[in-house]
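As structure tokens, here come the structures.
Shared between the two complexes below is subunit A, which pairs with subunit B and subunit C, respectively.
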Partner chain A sequence: MKLNIDGLLVYFPYDYIYPEQYSYMLELKRTLDAKGHGVLEMPSGTGKTISLLSLIVAYQTTFPLEVTKLIYCSRTVPEIEKVVEELRKLMDYYAKETGAKSNFLALALSSRKNLCIHPEVSSLRFGKEVDGKCHSLTASYIRAQRHSNPAQPVCNFYEEFDSVGRQVPIPSGIYNLDDLKDFGRRKGWCPYFVARYSILHANIVVYSYHYLLDPKIADLVSKELAKKSVVVFDEAHNIDNVCIDSMSVNITRRTLDRSQANVETLQNTINRIKETDAAKLKEEYRRLVEGLKEANVARETDIYLSNPVLPDEILKEAIPGSIRTAEHFVGFMKRFLEYLKSRLRIHHVVQESAPQFLKDIFEKVCIDRKPLRFCAERLRSLLRTLEIADIADFSAITLISHFATLVSTYSKGFTIIIEPFEDRTPTIANPVLHFSCMDPSIAIKPVFGRFQSVIITSGTLSPLDIYPRILDFRPVTVASFTMTLARTCLCPLIVGRGNDQVAMTSKFETREDFAVIRNYGNLLLEMSAIVPDGIVAFFTSYIYMENIVASWYEQAILENIQRNKLIFIETQDAAETSMALEKYQEACENGRGAILLSVARGKVSEGIDFVHHFGRAVIMFGVPYVYTQSRILKARLEYLRDQFQIRENDFLTFDAMRHAAQCVGRAIRGKTDYGLLIFADKRYARADKRGKLPRWIQEHLTDGSLNLTIDETVQLSKHFLRQMAQPFRREDQLGLSLLTLEQLQSEDMLKKIAKIAQQA
Partner chain B sequence: MDDQGCPRCKTTKYRNPSLKLMVNVCGHTLCESCVDMLFVRGSGSCVQCNTPLRKSNFRVQLFEDPAIDKEVEIRKKVLKIYNKREFDFPTLKEYNDYLEQMEDIVYNLTNNSDVEKTKQMMEQYQRENRDVIQRNKVKLTREQEELEEILLLEQQNIEQRRLETLQEEQRQLQAKRKNKQALLDELESSQLPAALLLAKHKDRASQLETQIEKQKQNVKPTNIFSTGIMMGQTVSLAPVTRVEEVLYVYQPIHIDTYGPPIPELEQLGRLGYLNHVRTASLMDQAGGYTSGLACHRAVQDAFSGLFL
Partner chain C sequence: MDEEPERTKRWEGGYERTWEVLKEDESGSLKATVDDILFQAKRKRVFESHGQVRLGMMRHLFVVVDTSRTMEDQDLKPNRLTSTLKLMEYFVEEYFDQNPISQIGIITTKNKRAERLTDLAGNPKKHIAALKKAVDSTCIGEPSLYNSLHMAMQTLKHMPAHTSKEILIVFSSLTTCDPANIYELIKTIKDLKIRVSVIGLSAEVRVCTILTRETGGSYNVILDEGHFKELLMLHVKPPPASSSSECSLIRMGFPQHVIASMSDQDAKPSFSMSHLESTSGGPELTLGGYYCPQCRGKYTELPVECKVCGLTLVSAPHLARSFHHLFPLDAFQETLLEEYEGEKFCEACQGELKDKRIFTCPSCKKVFCVECDLFVHDTLHCCPGCMHTDGTS
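After this line comes the complex of A and B, so read on.
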């Protein structure tokens, strides 16, 4: 249908629209008009992706000078594929309506592992291996060697692309990863580099967060994207953690040992080259003396090593004299490594700031701040000069050099924590140096600064005001949308007590209490008797789950549950978990019914959807707080308090609640879906926790559903399930939660829609 | 780590966790007991390279690779002599060259190549630059100064925060205690039912809580003077860079009178203007007055603006 959104003609590829989608598009349009950033929360299953795409594409076609590009960031490859498929639907609809084939170019970009079509390289299993192998075939000096030595193997796909592909732009259309591969095979061009090259003139790019947020990658892939782009971060409820991870470095004893080996290899290579080809080292030296930057042309294929964000004025300066020659640099790295080793040889935990670290390193091994800053840059130059083909081996030393550069560049927002052993195993020495970023705004700042509009959206972003604070930006629109429902298809219940009136809580003091564990067991047992098909239960941690399940086994609760349903358990092993998941779905499919026991923050809670009968009830046992004794977390909390005036408790609760909401939201994936959302902890009933749940859950939480006992829960659930089991057709939804064009344009519907969005 | 050991007595860290390895200027290790045994007289030669050594020069080995210990030792010595700073050089390039030269010296000394020559070079340098070395001895490099500043600031912040939280806690505690006492007093003296009083008390307590919360959010210590300089900052005393600019050149002003040219003061008499003016009396002249001045003024007045 064709919609009129605030004066903008929007093509929407479906015949029906949800009211909240219309509202969402209105807000989005306002954000784009204002050329500002936005934070939008809309429950999953209400068609966020298509609303986003159709509005932004319409905006692009109407105002081609205002918005030139859409950069859509998603988290996983399946999600990227889903976005591209939606986009394809939209474009087909455009073609059908306008009659003309549009000249839109949209493509997905992923790692080499997912895009390579070279027969040998693509058969490798790990991403790192593929990158390394690809590099050894396509690096600029390898290709230069081929001129003199035709026997040198190179990648034909890249050669073909390099000689022809750059002149001919890729024909317009929608390309997902497979389409790109097909296109590459047809033309004989490398799909990865075609995609990398084409994102510069594509109208829509769909790729992973890391291409924008990780400074090591973003610098190469996303450097030349225009300012007039709209950036969308979908499923962005974890964006702060992604930012932090991309800037943090963990160094273990193993890393150091491997770097030591790397340094030795470097030294041997230098000695060998000195004998055979001294001119090469001299040439590098000359370049460094003159402070010339390497020519940009050759860099495309050499992406594995890019320095983390450095201020530009530093990069323009010449490399300091103390690490200019190769031997001196190797000596420098040796000293640095030995220093790190000596730091890891401690018996108690040390926490210090970057300046303290710098001071200490100067006193111990006379390393100044400036050469440290250039460490990553210098290493890259050296590796290029030495023409080391197998680059995957050098990841350890690269990591160390990144650490050196980061620690000397940022004096604020980072902390260094050295732990001699893990908290759980204090007897086993396993020293780790965490260089941990505490300020997510450091990584994301360039994104907000560079692009005209950045949209952060997800199903669970509550409380909305905390994201602008921790990411340090000023949004023009902050809005939360509810799900309009023809029937109340979600039923959140907060269970606070067992039938014996003992409070149910995963609070530290009582979590090992027999009564609590028994009550949890009884809750699951009762629910397994009345809920059809699948139940998903989330625990707060793996250890807690293990304890409880063991205890249930002793009390014969498991045995009773198994009379009703099969039980599957998520483990830390990915393969095992996916097996369990598959069998779980099979059991739901054939009517036997099953229970999946999994862990909040685990794989299941983040990426797996339980549509319809796969998840008729979700039970959240306890409040999924992070492990609060971790020193990194403590440092981060302190930083948040000092810099952003966010109190520890607020942040912890916020974090716990977003994970709880994320877990619980797994079961409701659309308006025809229904599910029980059971929060089994009395603490959920408190106002501070309840207020942090997303609005679409809060709306259905009445006073009658707080602090229930198990019996009451069973009663309410039975009632709810019986209601939901009645037939439900599209006609029942129509006019309420699903609209045709005429219904949408009616006066009082527009009024209703205005109420959907809640500005924070 | 565990496989490190004394090359002489073959004890390893694994077998004797309290083993203390020592290293001397030549960069070869010995364990503490071997040192005590071999160097009873205070001096001797290295077991591995026969370099004459003193017992007092033995130090605990800090790093796994004894060569690094040796290098750091040498580096510290060299740094004492080669202590020029960046601002001692006109360009960055020269400074970088200097750094590289220093690096070369350290490299040669550690790897025992051209030791004699290098030592000579160092001595020569030391002789030539004695005063600079002396001067720079006490100075830190600019970067180190910056670091010190940041560290100081950090410490101050931590201290301040600690004090603040302490005060805050005490204030809260006092307020709560007062509140409790008030409730007890009321329960004692008031005629109202206890439930009402309790409810009131609860109300007050929650109010107090919110008040505290608000205060917490408001407190944002200023650590910047109104000039924008951080409080407690030590201003770094590096010489101010000279600003090159063009000198000021005086240009006489030109006034357009829009009239015929006005005769100069000296010419008035010759041209006969003064004939019509009262001559100055002796008394007038004492103050420096001449009749020409008034006349010139009058002529200027009369002539200007005639062409308009």
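After this line comes the complex of A and C, so read on.
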């Protein structure tokens, strides 16, 4: 259908449209018009992706000079593939309607592991191995060596691409990962490098967050992307954590040992080269004297995305003399490593700020701030010069160098915590140095700064105002959309008491309480008897889950539950969990029924969807607060309070509620889906918690569904499940939650649509 | 139900929120109440049955009744089992009333097994007796869909292709315990053109959804007892035959009822042939009866399949009763009450028209309320308005 969105002709590849999609596109259009950033919350299963794509593609076609590129960031490979498929549908529709073959180029990009077609390399199991092996076949000096020594193995696909592929652009079309591989096989070109090369002139790029947010990768992949791009972060409710993780460094004793080995290797290589090819080192020295002028010019002319690891100041200066020669640098690194080692030999926890750390390092081993800053750059240059093939081996020393640069560059926003042992195992010495980023805005700042529009969207972004604050940007639109429903297909219930009127809560003081555990067990037991097929239950942590399940076992609750359904448990082992998931789905499929016990913030709660019968009910046992005793978290809370005026409690509640919403949202994946959302903790009934749930859940949370007993919950659930099992056809939705073009254009409907979006 | 079922005490029942029934939809605009959807479904049923479709008049139906642990649930009064069996009795009667030349068989499933309560047979009395007896059985364990389907299939697959083969499952449990992959069985059943329908007593179970979708049956979940009855009654009507099923002529005998009086010299009391096999109740000597036109075997009841020559024996009124399925009454036109000008009384019940919608007979233009409309189409099968006018003119 062809839509008129505020004067823009938008091709929409379906015959029907949800009202909220229309509303979403209106807001999006407004954001693009203003060339600003936006925060948009719309429940999952309402066609966020296609709305985004339709509108932005329409914008690109209509105003080719205003928006040249769409960068769509998603979290996982399956999600990326889904986006590309939607895009393909859209483009087919375009081709059908306009008759002309469009010259759009859209492609997905993923790691080498997912794209490699080299018979040997692609058979490796781990991403790191693939990267390392690939590097050892494609690095420039390896290829240079081949001229003199034809026996040197290289990757034919890369050679082919390099000699022919760069001149011939990839034909326009839509490429997902498999398409790229097919294309690569046909031409004999390396799909990974084709993709990396092609994103520069592609109209749409779909890839993972890390390609933009992780400074190490962004520098390689994304730094030349055009300024007039629209960046979309989908499923962005965890974006702050991604930012923080990408900037944080954890150093253990093992890291140091491996770095030590790395340094040895460097030393040996330097000695060897010195004997054979001293000119090379001299050449490098000369280059370093000239400094990083080149990079500086590039950045000033705005060609590159800035890199937080390579701060602006150091571009203007040359690398300091003390580390300019290779030997001096290696010596410098050795001293730095020794210092870190000594810091790890402690018996009590140390927490200090970056300036404190710098002061200490200066006093103890006389390392200045300035050379530290250049560490990352210097190491990279050295590795290049020494022609070390397998970069993967040097990840440890690279990590250390990043740490050195970051710690000397940012005096604010980071904290250093050295713990001699883990909290859980206080007897085993396992010292860790956490260099932890507390300010997510550092990593994402270049993105906001460079690109014209950045859209942050997800099903659960409430409360909306907190994201602009913690990411430190000024959005032009902040809106939340509800789900229009022809039938109330979600039933949020807050269970606060057991049948014995004992309050149910995972509060720390009462979480070991026998009565609470028993009531939780009874709730699950009762629900297992009335909910068909799959139930997913979330606990607040692995330890808590273990305790409760053990206790249930003793009380024979588990046995009773198993009479109704099979029980599967998520563990920290990924292979075990995926096995459990598979069996769980099988049990749901063939009518046996199953319960999956899992953990909020775990793998299941983040990436796995439980459509239809895979999740008829989600039970959230307790409020999933983050582990508050963690020092890193404490430091971050303090920082948030001081810098952004966000109270600790507000942030903790916000964080807990977004995870709770994320968990329960797993079960509702569309308008024909239905599910019970059970919050088993009396604290959910409080206004401060309830108010932080996404609008589409809050809307259905009536006064009658707060602080229920188990009995009441069972009655309500039974009623709900029967109602939902009544036949439901598309006609019932039409005109209410599903619109044809005519219906969309009616006055009434437009008025109603205006109400869907709520500006924050 | 006709008579008040013996109720348990109120306090023994589950916790009920009776006020919820009266709930009004405040927001009005977006939320269409489920009642509305149900009403539409009701109407749809009337519409659907129209048009000239071939119906499978000769039906072989297996009813599978779940008698697992969950049947002891008291959300139907006094409990699910009693309520279900009672409705089943009514269903069996109604079924033979509307489908005189069809057969029914009953299977129960509990404790991971399936058990045959009655074989496929055309006599309602036997089934009802069996159902009455089943009330006292205990409900234990889990049901097994696979075993029940398998058992029903074993019998149904030998039935001739022109008959409609159906399985109706009353499923209370939310789980099933199967010895093998049920999806294989579903495929076999589909190939055998057996139609499986399910009435769920608690909630929508995935495997039933697939089962019914694959085999072309219907899947419904009850809301309450009234709805349960309604859903059961849906299965009384013969389903449209699939176009691929073959047609064949069936030989039938129409025996006349011969009444002999004691005074008649020639009359000799004789046994009914159907008593040959019956174990319960001693054979009775009777004077008159129905005599098979082919072999002169005597029967006291119709319809029946002749034990001697295998001829299907029916009476003309039986066939006539199936007749309305083939030539149903036209659907009444639905209009809004506001648009109707005239006396606001229903032609049939003479009650005041209060509902938003009214229904007009296309031939006599008389108006009816929704309840009467359903009654006319479901039970009477002729329009009282038309009959009335026919009579006078």
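Operating definition for what follows: the second predicted complex is superposed on the first by the 740 of 760 C-alpha atoms of A that agree within 3 Å, B and C clash if a C-alpha of one lies under 4 Å from a C-alpha of the other, contacts with A are read in each partner's own complex, and residues count from 1 in each chain.
Just so we're on the same page, a residue touches a chain if its C-beta (ideal position, glycine included) is under 8 Å from a C-beta of that chain, and two chains touch if they have at least 3 such contacts.
Source: prediction; values computed, not measured.
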Overlay on subunit A: subunit C relative to subunit B, clash or fit: fit
First (subunit B), second (subunit C), both or neither touched by A:D732: second
Which of subunit B and subunit C A:H612 touches, first, second, both or neither: second
Subunit B versus subunit C as contact partner of A:K370, first or second or both or neither: first
Partner chain(s) touched by A:Q723 [first = subunit B, second = subunit C, both, neither]: second
First, second, both or neither for A:R335, with subunit B first and subunit C second: first
Which superposed partner A:Q715 touches (first subunit B, second subunit C, both, neither): second
First, second, both or neither for A:G593, with subunit B first and subunit C second: second
Contacts of A:S322 with subunit B and subunit C, given as first, second, both or neither: first
Subunit B versus subunit C - smallest C-alpha distance in the overlay, whole Å: 31
Sites on subunit A touched by subunit B in the complex: 289, 317-325, 327-328, 331, 334-335, 338-339, 341-342, 345, 353, 355-356, 358-359, 362, 364-366, 368-370, 411, 642, 645, 647
Residues on subunit B engaged by subunit A in the complex (per definition of touch): 1, 62-65, 68, 71-72, 75-76, 79, 92-93, 95-104, 107, 110, 141, 143-144, 147-148, 150-151, 154, 157, 161, 216-217, 220
Complex contact set, residues of subunit C against subunit A: 14-17, 20, 29-32, 34, 37-38, 40-41, 70, 75, 145, 174-178, 181-183, 200, 202-209, 220-223
Complex interface listing, subunit A residues touching subunit C: 484-488, 529-533, 564-565, 588-593, 612-613, 616, 711-712, 715-716, 718-719, 721-728, 732, 736-737, 752
